[in-house]
Amino acid sequence: MSFSCARNFLQRFCTEDVHSRRIPNHGSCFSNDLLPSLGARINQTTKLRRHIISPYDPRYRAWQMWLVVLVIYSAWISPLQFAFLTYKKDVLFLVDNIVNGFFAIDLVLTFFVAYLDSQSCLLVDNPKKIAIRYISTWFVFDVSSTAPFQPLSLLFREQSSELGFKLLNMLRLWRLRRVSSLFARLEKDIRFNYFWTRCTKLVSVTLFAVHCAGCFNYLIADRYPDPTRTWIGAVNPNFKEDSLWNRYVTSMYWSITTITTTGYGDLHAENPREMLFDIFYMLFNLGLTSYLIGNMTNLVVHWTSRTRNFRDMFRAASEFATRNQLPPRIQDQMLSHISLKFKTEGLKQQETVNGLPKAIRSSIAHYLFYPIVENTYLFQGVSHDFLFQLVSEMEAEYFSPRADVILQNESPSDLYVLVSGSVVVGKATAVDLFGQMGVIYNKPQPFTVRTTELSQILRLSRTSLMNTIQTNGEDGHQIMHNLFMVRE
Amino acid sequence: MSFSCARNFLQRFCTEDVHSRRIPNHGSCFSNDLLPSLGARINQTTKLRRHIISPYDPRYRAWQMWLVVLVIYSAWISPLQFAFLTYKKDVLFLVDNIVNGFFAIDLVLTFFVAYLDSQSCLLVDNPKKIAIRYISTWFVFDVSSTAPFQPLSLLFREQSSELGFKLLNMLRLWRLRRVSSLFARLEKDIRFNYFWTRCTKLVSVTLFAVHCAGCFNYLIADRYPDPTRTWIGAVNPNFKEDSLWNRYVTSMYWSITTITTTGYGDLHAENPREMLFDIFYMLFNLGLTSYLIGNMTNLVVHWTSRTRNFRDMFRAASEFATRNQLPPRIQDQMLSHISLKFKTEGLKQQETVNGLPKAIRSSIAHYLFYPIVENTYLFQGVSHDFLFQLVSEMEAEYFSPRADVILQNESPSDLYVLVSGSVVVGKATAVDLFGQMGVIYNKPQPFTVRTTELSQILRLSRTSLMNTIQTNGEDGHQIMHNLFMVRE
Amino acid sequence: MSFSCARNFLQRFCTEDVHSRRIPNHGSCFSNDLLPSLGARINQTTKLRRHIISPYDPRYRAWQMWLVVLVIYSAWISPLQFAFLTYKKDVLFLVDNIVNGFFAIDLVLTFFVAYLDSQSCLLVDNPKKIAIRYISTWFVFDVSSTAPFQPLSLLFREQSSELGFKLLNMLRLWRLRRVSSLFARLEKDIRFNYFWTRCTKLVSVTLFAVHCAGCFNYLIADRYPDPTRTWIGAVNPNFKEDSLWNRYVTSMYWSITTITTTGYGDLHAENPREMLFDIFYMLFNLGLTSYLIGNMTNLVVHWTSRTRNFRDMFRAASEFATRNQLPPRIQDQMLSHISLKFKTEGLKQQETVNGLPKAIRSSIAHYLFYPIVENTYLFQGVSHDFLFQLVSEMEAEYFSPRADVILQNESPSDLYVLVSGSVVVGKATAVDLFGQMGVIYNKPQPFTVRTTELSQILRLSRTSLMNTIQTNGEDGHQIMHNLFMVRE
Amino acid sequence: MSFSCARNFLQRFCTEDVHSRRIPNHGSCFSNDLLPSLGARINQTTKLRRHIISPYDPRYRAWQMWLVVLVIYSAWISPLQFAFLTYKKDVLFLVDNIVNGFFAIDLVLTFFVAYLDSQSCLLVDNPKKIAIRYISTWFVFDVSSTAPFQPLSLLFREQSSELGFKLLNMLRLWRLRRVSSLFARLEKDIRFNYFWTRCTKLVSVTLFAVHCAGCFNYLIADRYPDPTRTWIGAVNPNFKEDSLWNRYVTSMYWSITTITTTGYGDLHAENPREMLFDIFYMLFNLGLTSYLIGNMTNLVVHWTSRTRNFRDMFRAASEFATRNQLPPRIQDQMLSHISLKFKTEGLKQQETVNGLPKAIRSSIAHYLFYPIVENTYLFQGVSHDFLFQLVSEMEAEYFSPRADVILQNESPSDLYVLVSGSVVVGKATAVDLFGQMGVIYNKPQPFTVRTTELSQILRLSRTSLMNTIQTNGEDGHQIMHNLFMVRE
């Protein structure tokens, strides 16, 4: 299932590219496939024409979820009916037709649901275009999986044709594409845990395979001329008189014994027909088991990578410290910093911001840092433009409690602005900015600066500051003035 | 199979290197092995002498594919004949000899097929060299796998010698090297999906192993003195009278029950001879199963990595946004940008271009960007040389709809040229170039620039522009002139 | 178990972030979870109020470890009692109640144990707060898993109610959360080998699953109306008279035959009830086996990566050398360097140091290099500030014996200070500093410098030295003076 | 086995570090463990005192290999003797004692073999130190695994004591540490293929486990009071009269059926004693199977990564080309370049060279490039120093046939020297250097330069050339002179 989806996706991707223009705007919209929530937000503002439903309409989504529930029911009942049940007018008949009815409604409804055009990135609400698109793609399959073959079968009541109708009934399994596409969407939705989405999917596939194989194997036994030479009849010759529950459990038991390769052998193929089925089932199992293990390995590797990275970083640091017999104070600072970094950054945050275009980065910096920087005494009265350019160059860092930010006599490479927490500068405490003396007069830092608690600090390199001051002479004077006033 | 290929490859690679010259031109040609399509294109232009066939000739390739089909037939029929069939003059005899005939033709044909010399990277069409090369490598194996041992066996009709001839017949399996080398080539051909190529290969290997083991195990039972103490005779004492189909299915069933480690136990070894065979078969299975799972894991990891990377990037960005409570507008821009980047770049494109030598990169830039840049008003009338140098420095970027490209008062670091899509500069809309005021006069950007739809934009850094203008004074004047004309 | 932990962790992590302040100090303390040892050291200095115990108190830790031992006993005895034993006043009754007693004590004790507040990073020793926190989280579960249901069951001596009490008794398994959290802590503690911690955990989970399944399956057989139609009764009809040991071993044997998917089939489900249990057990096994293999793969990959990296680096170097036919002397130096680097760096050390903030890096450099550099003749008498800035720019490197550090006529890019080992400069040997002539007079290095044994050498780039001299004119004169004195 | 080795290694590594000096020369020698061949070369020159053998002596190595062969024999024969054979004076007795003799010789010999001191990196040939080291480590184990317990057992001929002697005899398995350390060494030796070394190791471990388990399980059956209630007796009640071969094959068959989890069930545990053994064996199998699969996955991932990287790079390039509809000429150049790069670099070479210290890099450049550069007309007559500095800055690159090296009007960033192959500069062909006009006069390159065949070209950046000329004025004049002469 997942294979074919992925393949289709790739094919579509490649084909599109080939036919695109010189400098094509391929990837021209946030397809529903990759980015459901965001796409939704952009398109939800769009006003559609009357009687046309948006695919992002919460009510339509709920309806789709309800259909998925019905699909799960169909997937379970169809093989069961195929193998165990004789079709007659009873409760199941009623339920079946009601379920079919829902799908028939959806069939009609689809003609009124707008779709996202992959070229224009817009919702298409032209009924004619919707109809053409649907009829040329999945309409035929949907119709054939909804047609009431079973009620029809009641008209032609013969043994042979019943099997034929039952086979037609298996077309219902086409509906499973809804579940398949649901999983494809969930995997890309970060609101859901990847591990559990993936596990649920694998368990579903396994259970469905077990169910189908069990039912089909029972059917073979049921139709074999000599009941004692069947896998179930060899153990229980009168199995046909047994209760449905017992027969179903036995089938499932056999099926799961085989798929897990446990193979007790208490129930086993007795005739070539069953052997042949077993051969294909076991080959399929070999693939499925490998696929399960492959997925689990993938998940475990990803799962443990965070702890592992932390361990590796921490071990490297503490080995370095031990080997060089660093004094406990430095050692403490090192280890604190590493675990703080590990906790705050989540290993990806800085990369994320760096990957953004300049304008977005500036917006973020402006939003986060501007209010803090404009309140520091040093930048009182400087122009808005100047500050705007300055904050774009700043970087936020966390310092653990009792960590050194500046060492006395250090070369003056950076200016720091305190965002939260507190530091001690020499003897002074209530400061919002430090390192300015060294940076502006270009001389070794006069004081050691140390945090007293967990602090967030903005760092601005001397080069950036000086470059910005150069192109904004007046603001430079204001800063010197501010600096001078305080020293006074 | 795949192991030995790879090992040979490595050995050859290393050996070659050792004997090469001081600064050797190892890797001196695009071997057929690594790069079939490209190698083909280069060599297809070569004119060969008469009666010599190019290995890239489509007709020869088709012939090779046809032989691969025959090999698959041979691989299936040879073990079957070995175990189940008595050799006599019937339809199978005819088919066998026809197939042999095809391989005999290929044997002769190979003397007329040019080969790629690994030193000169050229096709060698000297018949003598071709003959020497073939005779010194695979000629003996090919002859022995083509010789008609079975017709010969009809002459010596004894029980013991028949087994001998049957063994000789197994030499046909040598032909499998063609399938093996086909897969090795397909894996490196990007026109084929890696996942499916690999899966097909693994399934083929598994099926062949199952088939061989089933046949061989039957042979052991067939030749054991006491038929009731064999794995098949213990269940069905008169198995020798059974139909070929039933016996074959039973053998396959046993074989696959064993290879999947299901091991029902309904059919199991009864005598030491079978036990011994089973021991080796199960050991082989242990290796094969591990190999299957290893491959599947490898494929699954690669398969899911794209979705996973997207999830990780997206999650990091949205966590960052949520944690810092960024306003929805910035948040939207961030997420749009990330999903756009993910869709357009495919994570590898930029790396690819950066890895190319300068001349190729310049060619690409010239081809893609020159026509666009020369039509912008700013660069009207400037020299070709100047523009040529300029486009080499440009980088293409995608911006999602409603994203900021320039913020007002930003420092003027880049000049932008619009390729496709549209932007709003302050109030103006139909512009093809923006950021020029800030860049040329070196002052904060006067306007915010925002896209209205998905846009592709070329970025040129201020430094590059200024450097190029410096060395081309006249063109600089022309640009200033153009800029001035418009402002008027 | 591990799943739910990890999920909880992630949920808590995310939830916290959502509710945090604008620029939040999330990750505001070194939680006990991530960093036990360090957290301990910081908080151990804290003085708590009377009668309140620190969670880092070694005696409390020992008590917790003792409880973990009791939990393991409970985990083993509870399913056994559930399935095999009739509850009566014997030795086991006594032991059980003593164990319960310990947990009751812990229940009370927890009200006196301080906890680490995740906001303030401080130990909270307010008894009221401790009580509120405990009652609102795990109190109910702890009480229900400690309540003496079994003694109570003696009062109500009926068949049906006994099963009920036995089920209540299974609440004891809630105690396993202690083991689960122990493993979560051990995995993050670098004092324990990750591989063995992980293996122990997986083995524990497997054994517990095997034990539970075996006991439960026996219970089903024990309570089935027809003893001959049970998995154990089919083989041994009088199994109820058998000794406890035999019955337990048989159960375990069945359980482990199933979980390893060996499935001999000598013991297998005989009735639908057992089949149903088997189905769920085998499905669970499929997941567990995948999980085991996934973890093992993860560990093996990590395990072998060090050897593999070394092999790859070494192979690349020796292939390069062979291909270019480098003279043995250069080849030896290359390979020595690579293996030395591999041994000393452990691949992570340099990264670790580079990831630290500037102040910590300076501290480390000052601590390690200052005493060495200040004793070299060249830096005699220079100011402390100057040297302080200099050592921050230095980098330590290892050179293997007989390796070239400087080649004659090389461009003078670096100055070297010898830390340990010895070098030959031209003819001179006992030197502590070399490359100074070239660096200060900016001319090609006059001598080749070669190590005679394994040496650690500090490297200082010319640019750094010159920049520092420029801003410290006086120290520059002193250096020139020192240099001149020696040349005299 | 491999676990404990690795753990020991880690422990030793860590412990060493802890006790080392301030700036320790940990990793102070190329231990025999990590780097056998190189260590050998360094120490082989060392002259040892009389009667002391070097561990690197080829004859001693051969002796060690011979002992490994004997160990393999011991590992096979010991469990077999333990389970199947009664000890008496026959051929086996003789062989056994001869083998023991060899190990006794080695025991004595070890007192005369020098060892590598991990502190001084030197071979220690002091007999006293050698003796102390050996006696304090492995002496006791070696003695107990060599002591002739079996001949002794002939003296005390009782049933019960025989088992005791047999158990003592199992101490021989201690010898397996030699095989274990052999594998550890082979894995790090790049002359052996990692894949095959690893596979051989895993197969050996598996076979040994199978052999031991089979023998031990037979022993249990052999000693069980009721022969019909044993795993083998239930099928063949007179198994004790059967031939050794049949009993051994049956044991192996059972063992391998269990380890591969096939579990036919034809042979299965019949009594609690066997069940207990089975339980442990199956648990061990679960671990072993996971370990096998984990290793195989690791190998497969590494194995396929080269092909995969090539595919990914190639695909990215060709998608880029197709999407932007680049003309075939550029497309060809791109793809040629990528496949060439993939073949020549092997992905690691450049990294390797960059990781080396400057002096080694300069040596390599001097050795490889100097002879070529000094023969170009442009550098005729320049000083050796100048050229020496120049070649250190050069980088070698490969260009595929018909690839552009310089485009006309390109900015003059690099000078190129042709090493091998040939290029066309404008119309001229036989040139050894190009790009010089543009670089020296700093104007756009006047000609397009294109390769005609596969070429290796040295690239020197304009900046490096100009810097070197600046500090060597005279050489600059010479170059200008050379340039001028040719233009004339």
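Read from first to last, the chains carry the letters A, B, C and D; within each, the first residue is number 1.
Please note the rule applied: a residue touches a chain if its C-beta (ideal position, glycine included) is under 8 Å from a C-beta of that chain, and two chains touch if they have at least 3 such contacts.
Note that the structure is a prediction, hence the values are computed from the model and not measured.
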item	value
More contacts between chains, A-C or B-C	A-C
Furthest chain, CA centroid comparison against subunit D	A
Centroid distance [mean C-alpha coordinates] between subunit C and subunit B, Å	39
Whole-Å separation of chain centres (CA-atom averages), subunit A against subunit C	28
Touching two or more other chains - residue numbers and ranges from subunit A	23, 26, 261-265, 289, 293, 295, 297-298, 301, 319, 324, 368
Residues of subunit C defined as touching subunit A within the complex	3, 6-7, 10, 23, 25-30, 34-35, 38, 41-42, 121, 187-188, 190, 194, 258, 261-265, 268-269, 272, 275-276, 278-279, 282-283, 285-287, 289-291, 293-295, 297-298, 301-302, 346, 348-349, 351-353, 355-360, 362-364, 366-368, 384-385, 388-389, 392, 468, 471
Residue numbers on subunit A that touch subunit C, as the complex places them	193, 195-196, 203, 206, 245-246, 249-250, 252-253, 256-257, 259-266, 289, 292-293, 295-301, 303-304, 307-308, 310-320, 324, 326-327, 330, 332-344, 368, 396-401, 403-407, 409-411, 413-414, 419-421, 442-444, 454, 456
Subunit B residues touching subunit C - in the complex, by the definition given at the top	14, 17-18, 20, 22-24, 26, 261-265, 293, 297, 319, 322-325
